[in-house]
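Order as written gives the chain letters A, B, C and D; numbering starts at 1 within each chain.
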Amino acid sequence: MTQSQVQLPKRQLLQTHLLRRESIGNSYHVLTFDAPGETGPLPGQFTMIRSSEWGQAPLLSRPMSYLSGGPTPSLLVKVCGEGSARLGRAEAGEPFLLLGPLGTAWRAPDPNRRQILVAGGVGIAPLLFLAKSLAGTGKRPLLLYGGRTNRDLPLSDDAAESCQVEVTTDDGSLGHRGRVTELLERTLNDQVEVYTCGPDRMMAAVANLCFAAHVPCEVSLEAPMACGYGVCLGCAVPAALGGYMYACVTGPCIEAKAVDWERTHATFGKPAAKGEPT
Amino acid sequence: MTSQSVRIGSLVLKNPVLTASGCFGYGLEFDDFFDVSTLGGICTKGLSLKPRDGNAPHRICETPAGMLNAIGLANVGVEAFCRDKLPILRERGVTVVANIFASSVDDFVALAERLDGESGVHAIELNISCPNVTHGGIEFGRDAKMAAQVTAAVRAATKMPVWVKMSPEAGDLVGVARACEDAGADAITAINTIRGMVIDVANMRPKLANATGGLSGPALRPIAVRMVWELAGAIKIPIVGIGGITDTRDALEFLLAGASAVQVGTASFRDPCSAQTIMHGIREFCEERGCDVTELIGKARR
Amino acid sequence: MTSQSVRIGSLVLKNPVLTASGCFGYGLEFDDFFDVSTLGGICTKGLSLKPRDGNAPHRICETPAGMLNAIGLANVGVEAFCRDKLPILRERGVTVVANIFASSVDDFVALAERLDGESGVHAIELNISCPNVTHGGIEFGRDAKMAAQVTAAVRAATKMPVWVKMSPEAGDLVGVARACEDAGADAITAINTIRGMVIDVANMRPKLANATGGLSGPALRPIAVRMVWELAGAIKIPIVGIGGITDTRDALEFLLAGASAVQVGTASFRDPCSAQTIMHGIREFCEERGCDVTELIGKARR
Amino acid sequence: MTQSQVQLPKRQLLQTHLLRRESIGNSYHVLTFDAPGETGPLPGQFTMIRSSEWGQAPLLSRPMSYLSGGPTPSLLVKVCGEGSARLGRAEAGEPFLLLGPLGTAWRAPDPNRRQILVAGGVGIAPLLFLAKSLAGTGKRPLLLYGGRTNRDLPLSDDAAESCQVEVTTDDGSLGHRGRVTELLERTLNDQVEVYTCGPDRMMAAVANLCFAAHVPCEVSLEAPMACGYGVCLGCAVPAALGGYMYACVTGPCIEAKAVDWERTHATFGKPAAKGEPT
C-alpha cells in the first residue's frame, strides 16, 4: 500500500490549551492537550506547536510527532533548546496553537509480517503511537530501544504494555551495552518489517541493515522546519532519485529507500561550506 | 461600508493584503485552511525558466524574532507552473503575481514573455534581490543601472504590470527605486531579506550549508518600515510593503508609512491564515474609523 | 591556564570583551555593579568637540528582539570628558577606547589631536556611521573615499591606534573597510546600527521624534555576524565584532566568524554586568577546551 | 533638603522570584517579590523589571515604581502592552530580574506643611509608598486621586488607611465628576506641599497650579527607558534650564520647576517630525 492511498486527516490550526504536563527525568515531558471533536492524527504524523504566549521569540512553531491522538492528543518533548525548554515548563491552562495533523503517516503494517520498531531516544514517540494502534489488531511488535544512558529512554516502561521491549545504552547503564543496530542485525529475516525513528545516523545504519537483508524499512525524517505544510521549502532532504524531497510533506514517514543517505550525511554531517556565500 | 480595494498601477486589488513570494508556495497548499481568492493577491514562489532543486540543507535556521533562509530558489519552473498550478488558480479566481528570477536580462525577458500569454497572471514581480544564489540575485538589485536595465527590458516584453522587488542591501535604495520607476516599473516591492549568518558554536561552523541566508520576520520590520517611508518620499509609483508583518498593527504601519499594499511572508509559516486575519483586521480598523483603506496610505507622513 | 589576551594592532587587551559606545556611558556609572577595569576595555559614548544636548524625545523605542535609538550623540564634549571622566578611568586602570564623532574631517582631526596628548586613552574609534545626526554621520561611512579620507587624516594626527566603525548601510562594506585599512586604520569595528522606524498606529505618527533611529540588539545579530564573516575574508587588520551580543554563545559566534574582540552594547541595558559575565563565559569555554582565546578567532572559517 | 543630600541605597541586579500576584479588576496587578536582606528602596524610587523567562522579546526591562519596599517589595502594574501583560499573568515562583533601587526618591516631606498627594491612575504607586512612610511620623496626607472611571482607581481603599482620600472620575462613576486639579485648586495654601504622579498633562496642570499658588511641587517623571541607570540617554526630558535631563538619574522624583513643561508637551504631545530623518 503506498502512501498516496492513505486519506490523511484535514489539517487545521487548533487553538487549545495544555491539559497537563508530566515530567520524565530532567529532560523529557509528556504534554497532553485538549482537542475535542478533532480529526485525530494517524501514527507517524506530527504537529507544529507554539504557545500563544511566546510572542515574537521563539518565532517559529516546533515540529513534534504525536505520541497519541484522539480528543486529548499528547506529545513527548525532549528539552534541547529555547522552544523545547519552554514546552518543558508550560503549566496546565497555557494557551497553545497546534497546526496539524501534518505530514505522512506510517505505512500500514503488513498483516503477514512482524513489526520491528527501532527507536533512538525521543524517536520513541511516533513508534509508540504505532505500537498502540497495533495492539487493537492483536499484534505485539518488537521494540528495540537505544539511548546514551538509562536516562535517555523515556517511556520504556510504558512501551512494555504494547511491545516486547529490548533496550540498549551506550554506557551499559540499562539493558544491552552498545548500539541498537547490534540487536537489530540478529532479528532480521523475511518475516519482519522495520519502522525506525531516531538520530539520522542511527536511521541510516538501520536502513542499511534492512537493505542488505531485503527487509522493508520505513523511516521518520527529521529536518529543520519553518512551516510544516510544504510552502517554505526549508526541510529539504536529499532524495534517492536526485534533488530533494521535503520532510514535512513527502515525509516524515517514508520508505528508507527514498532517501539518499550518502548526501544526507554529506550535507547534514559535514562542516558547512566555507568562504563567501555561493 | 468602507472600500478596501487599492490600485497598484493599472491593477485593482480587492484589498491591500497579499502573500509574499516563497512563503505561500503556489497558493495551492491552503485548501484545508482558507479560500485564498479572498486575498488581495498571492505572489508565487520565485519562478525560473528551468526547474531548480535549490541549495543543500540545512536551508533554514531561527534567529531572535526572525529566521534565515537559503532555499536557493527551488521551484518547479515556469512551464510546470503554467501547466499544473496556474489553471487551478485561474479557475478559483485568485489574483496571481508571478515572482520571477533569472541570472541574465535575456532570461528575465524570456520569463516575462512566457507569462505574458497566460491569463490568470495579473502582474509580474521581478526578484532582483535574492541573496541566496550565485548569479543574478542581489547584484541586479544593488546597482541602479542594472536594475533599470532589467526593468526596461521586461517592461518592453509584457503588457502586464511590472513590480520590482528591492534589495535592502542596495547602498542607495532610493536611487535604485527611482531608476526602476524611470525604466517603467508599475510598482516597487520593498523589501526582500538582508543576508545574515548564524554560527553553530558547538561544532564551530555556520548553521546553513550556504553559510549565509536571508533574514526575514519581525526582527527585520523596523528596517522595512523605514525603507518604505524613505521610498514613499522619493517615488511616485505605488509601493508594496513587506518585511516582518505578523498582525494587523504591523500591516497598518506599512500603509501609514506610504505603502499601497502589503505582503505577508514569514508569518504564514506559523499561521497559514495570517494574511486572511490581517485582511479582516484592516477592514475592521477602517470600519471603526469610517474610512476607506486608501485614506490610510501615507497618513503618518502628513 | 588559558590566555585571554588579544592583540588589536599595537594594543594588547586583557581579554576580548569590551563595552560598546553609547551603551556604557563613560564607564563611571557601574560602581555599584562591578569593576570595569577587568574588562578588555570600554568604548566611551561618542565624543564631539563641543558638548551636545542630543535629539528631542522620544529617543528610544522597542522592536521585536531589538530597539531603536535616536539619541543624537548627546555627550559632555571632549573637554569635559578629559577633565571629569578620564582621570578617574586612568586611575582605575580601565582600558579606554575613545569613540569620537565630528561633521568634518578637520573636526575629526581636532578631536584626535586633543586626545592624543591624554594618557589613559588607549585607542580612538571613529564613529563614521552614526545614523542619527544630520551631518557627518553615516555619509562618511557609506562612501569608501570619504571613509579613507577621515581615516588617513586622523591617522596622521595621532600616535594612538585608530579603529574605524563601519556602517552596515554601506552598499559596499568590504570596499569601505579595505579603503580604511589602506588609509592606515589599525582595526575595523563592525557594526553600528541600521536605521529603522516604528509607527505608532494609534496616533498615526512615527514613535521617535527623529522619525528614524538605529536598530540594535539581538534582532541585528545575524546581520552583524555575516558582515564580520565577510570582512574577515577581505581585510588583514583585526576586526572588533559588535551587534546583538547578549551572552557567551553570541560573543563566540563573532570570534569564530573572525573577530579578534567583541563589544557588548544593548545587552548592558538590561544587565549592567553583561560584559563581565560574557568575559567569564569565554574564559570558561576556553578552559574546557584547553585553548587560548586567539585559537578561536576565525575558526569557523577554517 | 536637596536631593543630593539623600544617600541612595546601592543598586543591584536582584535575581528573585514572584511571591504572589493579586489582580485588581482586569488591568491592575500587585506583584510581590522575595528580596531577603536587600537594601530597601526609598519611596519614589523605581526598578527595571524583567522575567528571566522572557527570552529576547520583550527585550528590555520595564520601569516600575515601588509600591512598597522592605524584604518583600511590591509593584502595582497596569496592563497596557506586551511587557505589562506578561507581568499581569505571571505566576508565583516565576524567576525575575529586578534592577534597583533606581533614580531619586521623593524629597523628604516638610514637617511644617501638610502633604497633598495628587495621583492619576497607576501613578498612585509611588505616592502610596510615600504616604505609608509618613504614617510612622503621625502624618496623614490628603490624597487627591483621579481616574477615567471607577475601574481606574486601583488601591483607593488601601489608600484610605494612610491618607484622607478624595476621588474624581471623568465619568462621575465614583467620587467627584471631573478633574483632580479642580479639587486641588481649593486646597492650595501656604501650609501645604504637593507630590504628584500621573499622566504628563495632569502633572503639568498640577505644577502650574502650584507655581501660581507658590506651593512646593514635586513630580515623578515618566519617559521610555532602556537602562534606568543613566547610560543609554534615552529618557531625556526637557529641562527648565535648557537642554535635557534624564528621568532615570536626575529623576524620576524632582521639583516640578526643573522641568520645561512647554517643551515636554511640544515633544511628547505633538505629532512626530515628518519627512526624512534629520
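Assume contacts are C-beta pairs under 8 Å (C-beta built on N, C-alpha and C of every residue); 3 or more make two chains touch, one makes a residue touch a chain.
Keep in mind that what you see is a predicted model, and the values were worked out from it rather than measured.
K.L.:
C-D or B-D: which has the larger count of contacting C-beta pairs?
P.N.:
Pair with the higher count of C-beta contacts: C-D.
K.L.:
Using mean CA coordinates as chain centres, what's the gap between chain A and chain D in Å?
P.N.:
Comparing mean C-alpha positions, chain D is 53 Å from chain A.
K.L.:
Return the distance between the CA-based centres of chain C and chain D, expressed in whole Å.
P.N.:
Each chain's C-alpha centroid was found; their separation is 34 Å.
K.L.:
Just how far, in Å, is the C-alpha centre of chain C from the one of chain A?
P.N.:
So the centroids are 46 Å from each other.
K.L.:
Considering chain D alone, which of its residues make contact with at least two other chains?
P.N.:
56-58, 274-276
K.L.:
By the touch rule stated above, which residues of chain B touch at least two different other chains?
P.N.:
63-66, 195, 205-206, 211-212, 217-218
K.L.:
Name the shape of the chain contact graph, picking from line, ring, star, complete and other.
P.N.:
Basically all the chains touch each other, so complete.
K.L.:
Tell me, which parts of chain D touch chain C in their complex?
P.N.:
10-13, 48, 50, 56-61, 97, 99, 223-238, 242-244, 263, 266-268, 271-278
K.L.:
Of all residues in chain A, which touch chain D in the complex?
P.N.:
Listed in rising order, the residues are 53, 55-58, 82, 86, 89, 91.
K.L.:
List the residues on chain C that touch chain A in their complex, please.
P.N.:
Counting only chain C, the residues touching chain A are 64-65, 218, 230, 233, 301-302.
K.L.:
Where on chain B is chain A touching in the complex?
P.N.:
My answer: residues 22-25, 29, 32-33, 45, 53-67, 69-71, 74, 131-132, 134, 195, 203, 205-212, 217-218, 246, 266, 268-273.
K.L.:
Report the residues of chain B in contact with chain C in the complex, numbered from low to high.
P.N.:
Its residues touching chain C are 63-66, 68, 142, 169-172, 194-199, 201, 204-206, 211-212, 215, 217-223, 225-226, 229, 244, 249, 252-253, 256-257, 299-300.
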